[in-house]
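Supplied in structure tokens, the structure appears directly below.
For reference, chains read A, B, C and D in written order, and residue numbers begin at 1 within each chain.
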Amino acid sequence: MRNTIGYAAVVGQVVVLAAGAPLLTGWMRQVRARLEGRAGAGVLQPWRDTRKLLRKEPITPVGTGPAFRAAPALLVATTVVAGALVPLLSTDTPVSGHADLIVVVALVSLGTLALALAGLDTGTAFGGMGASREMTVASLVEPTLLLSVFALSIPAGTTNVPAIVSGAIHSPARLASPAGLLAVAALAVAVLAETSRIPVDNPSTHLELTMIHEAMVLEYAGPDLALVELGAQMRLTLLLGLLSSLFVPWGIATGLSWTSLVVAAVLFAVKVAVLGAVLAAAEVFWAKVRLFRVPELLAGSFLLALLAVTASYFLNGAS
Amino acid sequence: MSAIPAALATATALAATGALAGLGLPYRLRVAVVGVLTAGVGVAGGTAGVAALGGSRWRAVYSGLVPLAGAHVAVDALAGLFMAVAGAVLAAVAVYGIGYATGHGAHGLGSRTAQAVLPVFALSLVLVPVAAAVSTFLLLWELMALTSLFLVLAEHRGGHLPLGRSRERGSPSVRQAGTWYAVMTHLGLVLLLAGFALFAAQAGGETFATLRAGAHGIPPTVRGLVFVLVALAFTSKAGAVPLHAWLPRAHPEAPSPVSALMSAAMVNLGIYGLVRTGLDLLGGGPAWWWLGLLAMGGASAVYGILQAAMASDLKRLLAYSTSENMGLVLTGVGASGLFAAHGDKPLAALALAAALLHVVNHAAFKALLFCAAGSVLRATGLRDLDRLGGLRARMPVTAALFALAALGAVALPPGNGFISEWLLLQSLVHGLAVPGVAVAVVLPLSVALIALSTGIAAAVFVKALGVGFFARPRDERAAAAREAPPLMLAGMTLLAAGVVALALVPGLLGHGLDRAVGAVGLPGSGALTWGGLGVRLTDISARLEPLWVVAALTAAIVLATGLPRLYGRRRRRVNARLWDCGGGAPTPRMTYTATSFAEPLQRVFDDVLAPEQDVDVTPVRESAYLVERVRFQHRVPDRIEHRLYEPVLRALASTGRAARRLAGGSVHLYLGYGFAGLVVLLLALVVGW
Amino acid sequence: MGLLRKIRTTGRVAEPAPPRPEGQVQPSARQLGGSVQVRCVDAGSCNGCEIEIAAAFNPVYDAERYGARQVASPRHADVALVTGPVTRNMAAPLRRTVAAMGEPRLVVAVGDCAINCGEFAGGYGVEGAVADVVPVDLAVPGCPPEPEAIVAALRRVTGR
Amino acid sequence: MSAGLYTQLLDLACGAFLLAAVLVLWGRELAAIVRVFALQGVALAAVGLLLGAHEARWDLILVALAVGVLRAGVLPYLIRRALAVSAADRGSDEVRETQPLVNVAASLLTAALLTLLAYAVARPLTELNPTPATRALPVGLAVVLIGFFVLVTRRRALAQVVGFLLLDNGITATAFLATSGVPVIVELGVSFDVLLAVLVLQILTTRVREAFGTTDIDDLRELHD
């Protein structure tokens, strides 16, 4: 029984992630549309897009190689594995011992890297441009991510995500400390950069010269494109979910019971929907920054992460 | 007990035979025989190393071998680790080298001298960790330096290439690299000599056992001086910034198998020397030693990888990446010493284990990377990424192996580099429990620097793989490339097997690593438990089982490709032209080159890199408004070299000129100098005593 | 804060959706199932139609609510909105663009020029109407066509 | 107020205080910088109030309130007025710090190092008497350093004024945290000085602008040459 629920939680996390990701994107577009005075295409539209793309004919551009073919599946796979590891619904799963935050961060980077290689593999100017920019941004995000990990791991004494989350559930004061808040801010900026959102990248741009993520995937069509889009949407959901798990952990199942799992799923949906709405609303107010202003943004988030580390060390009485 | 001396004796015998064979045999036979014998040296040395890792130890004194002191030798697990790494790399690279030198013709690596020196270099790589006395160590160290110098210079005439084209870069760069290498390595030797002489004089003996026993009686300032001298020499050998200047010159110019040996086995010995003297012989030291190492490590990691990001020469890129990885190792060693200085032995053991594991991992993937780069060089005569490209279709095995090694180098799962970096990060993250302001300030910075270097490393190897091997060829030579011959592929496959094993089951290495860490007096298995599949930290809830990560990823890939197929209409996959914006087929010139790929990073780090560019516009003769030609030059010089070395060199040159003025040629003048010197000395004695 | 106030006072500007247009959903568009990605190709138009297409996607007409969205690459697209008479220079790029789109794909000719070269018929630089270059599935007449007409055509493709 | 809650709130206030300094460094829009500066004044007052409430000292509370009124109300108002005047004269050029001497990313990284330095320096002081207040001492020092840094690297006179005020905020915070409140007289004296300085600077700025049409400090160098 114990194992059944545990595995159910893992499968549930992956299913919620995969099924919910397009809905989250649809929801965010809907929020944005309403703020812009439009009617919007409905929350289900990304699922319709995916369905249609899966029905379309797969295309292999001549001159591309295995990296181009494998990247979409790898992108989705890394997100699925990371999604199975982090405690989105439950902290007590059979895999929770493996859920190391550094591993999760590295898995997400692996997906980025696969897509960048695919962009270079096409040999088009836009593919290379997207890959180059994406890797630049990704390499600058890395210090922020790892320092945030560092800051979060100090009070918990471990980098194990379920341990951090359950620790936070039991002593909520940790979250309201300066260290916690600074780490949230730093991680939030890093998440924006990792998921190619405004102000780092504009997900709905049509101008190739301003693209980062889109430029890498210009050659994908049909089912491959469906996987790429799904992968990107799942990544957004995963990272927003991780953010909510780390900083609003209440409701995540810590024990093993079916009810708590269902409650956790509902609360997860609510939390991510709220975060998504906030993000979508913020995107209406912000503009994309110039590519060479992005380092400033990331340097700022790095500073916040560093302050989080020092604050958690000095203020919370490690001495 | 008996395995180690027997193996070492075999290695020595094989190396001697190899040297003779290299001198005597005709070209075709020579390459094969020397290759096999060198591989034998590697296997024998590796066997000895593995035996030492397994727990056996050995010590001996051969009083006749070295005048005055006699040769002291000893093998413990720490030495064993480095011997095993060197041996394994040697065995695989020697096999690769047979194929490489065969194609090369009787020049370059195939030449008589190079083939005679190669086995000796191999032997020295295996034997340096065996030395157990200062004189023995320095002799072997110098042997290694000299033989490697010979090999770096092997292609000074310009290697002969199978396609009958001359190499892109002529021999001047080889000669220049040789000069830099010779000067820096010998300055290092001088420092080593000074440091060890001081140490031995104070400890009252030159065997490592005496040094170890006498280290604690030495006054702290002298100990500090010894450490600084020795550390400068060893970090220079390891290619740490700012003493790295020889590395990005010598490694690219050496024949590729030699580059692989230097980057994967020789630089490690710098780390070995540092661990041996700093942690073992001197028995640890005050925090400032280790803070210095941490600073050096962080600087090397970030600066090395930044230069690698700017490099468009494939082998130069790999050389700078060596600098980066040695920086990471130095960070681990520094953290280990720092924790030990503050009394946290288990954490110190964890940091050292991470550093040593990274040495092993780096050796595996870097040897493979250099070999793959060598295959590319041999097939195309090109090292310039801007001209390569499209090799994945023409050299599929080489490309796949390069990709595998690159995965290790970017330190992402499931690569092997990730495991050691994970351990290193864990040791740093949990290091905050160690008291001390310096620790609290330095550790977050170290984590940030490691993270930055890892992030940029990802960009670097995406560039190397994506620009160098993917897309389309940008040069006819790259378009005409053919897969490397079977022997080279065999050597690379051996290395690849090592990379895969290290990536999937690092636990196999566990006990050996514990013993190696234990050899310097830290509790080997105090902080780590090596399960069958992975690593687990003892006091902290953290574990990593790479095999499971790989299994999960594979399952997820199957799921991600399979599920859509079930739903989709199963239309046939069709081929289509690349989308060209409707403007006609994109030419290879339109693809992104390495330089353009690195451009955003270069702009971000403008202040650090200080690139130089100049635009030269030539108008036509008739009118100043019509442009005939625009020349744009852009290069990213090694700024540290620029700022640090050139002033020193200039100062040296002017001193030289001044000295010439002093040396007037008159015998009286020289005698006068001697007399004045004597008087001054006596005066000093009178005043001093 | 100014923007927030503006959003609140403006409210919804999208006009109420008109009834579903007459005429069958394009048979080849049935598989698309309510999701249509659009790539615009200007084959030589006077840019009057472009302005109307832009208007069709603005908040007032909001073609996006019927499931149509503009994309940056023909690989991602199901529908090519082609405007203008096809000039000699744009004939090959137009063919390539349509060829780059995966099946099922549709071509919508927008504006009189695209249907029969309009004002420019017989011009020395004109290759012909869109139908002379690539097979056309739907035509939106008008010079320029009103945004409603463009939206109606797109709705016949999305079926919503 | 329980000890735990007090520590929590104090830490939060200090965190906000430091964060505001960082944001001042980050921002380009002078109006936004002034807004952030006002928020920092609020955080500073909160620190004082918390300390006063914890130790039940009315003088401290009074000082904190005065500081709050001055730093979150009066000074930002004055600077904003100066800003409005210059914006009216010179247009948008004057209200943005477009080209600081050190680029923004580098100055953020420098701020990181300065913070670490402040922590390292304050460590021995903290160890003398480890209370929640002294433990937060590095925050005050870090703001002093960051303020100084702003003062050094900014070109616009108004941005420099903010830098100077940041420095002063830092000194006040350090005083609050280290000794649980400076004597009222000293605090009033310092604040008065600051007010004076702002007035002087404002007059100077106006003069400079009238004479040269811009407040880019680098242009002043031409006077010297």
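We adopt the following convention: a contact is a pair of C-beta atoms (placed from the backbone, for glycine too) under 8 Å apart; a residue touches a chain by one contact, two chains touch by 3 or more.
Chains and their UniProt names: A = Formate hydrogenlyase; B = Hydrogenase 4 subunit B; C = Oxidoreductase; D = Hydrogenase.
Owing to the predicted nature of the structure, the values given are computational and were not obtained by experimental measurement.
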Q: Select, from B-C and B-D, the pair of chains that is joined by more C-beta pairs in contact.
A: B-C
Q: Quick one: report the Å distance separating subunit B (Hydrogenase 4 subunit B) from subunit C (Oxidoreductase), using the average Cα coordinate of each chain.
A: 59
Q: Could you put a whole-Å number on the gap between the CA centroids of subunit B (Hydrogenase 4 subunit B) and subunit D (Hydrogenase)?
A: 48
Q) In angstrom, rounded to a whole number, how far apart do the mean CA points of subunit A (Formate hydrogenlyase) and subunit D (Hydrogenase) lie? A) 36
**Q.** Centroid distance [mean C-alpha coordinates] between subunit D (Hydrogenase) and subunit C (Oxidoreductase), Å
**A.** 56
Q | Multi-chain contact sites of subunit B (Hydrogenase 4 subunit B), meaning residues that touch two or more partners | A | 440, 444, 571, 574, 576-577, 579-580, 604
Q: Could you check subunit A (Formate hydrogenlyase) for residues that touch two or more other chains and list them?
A: 55-59, 218-219, 222, 295, 302, 306, 310, 314, 319
Q) Touching two or more other chains, which residues of subunit C (Oxidoreductase) qualify? A) 73, 75, 102-103
**Q.** Pairwise chain contacts, counting only pairs that touch as defined
**A.** A-B, A-C, A-D, B-C, B-D
**Q.** subunit A (Formate hydrogenlyase) to subunit D (Hydrogenase) touching residues, read off their complex
**A.** 173, 176-179, 181-182, 295-296, 298-300, 302-304, 306-307, 310-311, 314-317, 319
Q: Could you please specify the touching residues of subunit B (Hydrogenase 4 subunit B) with respect to subunit D (Hydrogenase) in the complex?
A: 437-438, 440-441, 444-445, 604, 607
Q. How about subunit A (Formate hydrogenlyase): which of its residues touch subunit B (Hydrogenase 4 subunit B) in the complex?
A. 54-67, 70, 72-74, 76-78, 80-81, 84, 97-98, 100, 102-103, 106-107, 109-110, 112-113, 116-117, 119-125, 127-129, 131-133, 135-136, 138-143, 145-147, 149-150, 153-154, 157-160, 163, 218-219, 222-223, 226-227, 291-292, 295, 302, 306, 309-310, 313-314, 318-319
Q: Could you please specify the touching residues of subunit C (Oxidoreductase) with respect to subunit A (Formate hydrogenlyase) in the complex?
A: 3, 7, 10-14, 17, 31-35, 37, 59, 62, 64-67, 69-73, 75-76, 78, 101-104
Q.
For the complex, give me every residue of subunit D (Hydrogenase) touching subunit A (Formate hydrogenlyase).
A. 4, 8, 11-12, 14-16, 18-19, 22, 26, 103-106, 108-109, 111-112, 115-116, 119, 126-127, 130, 135-136, 138
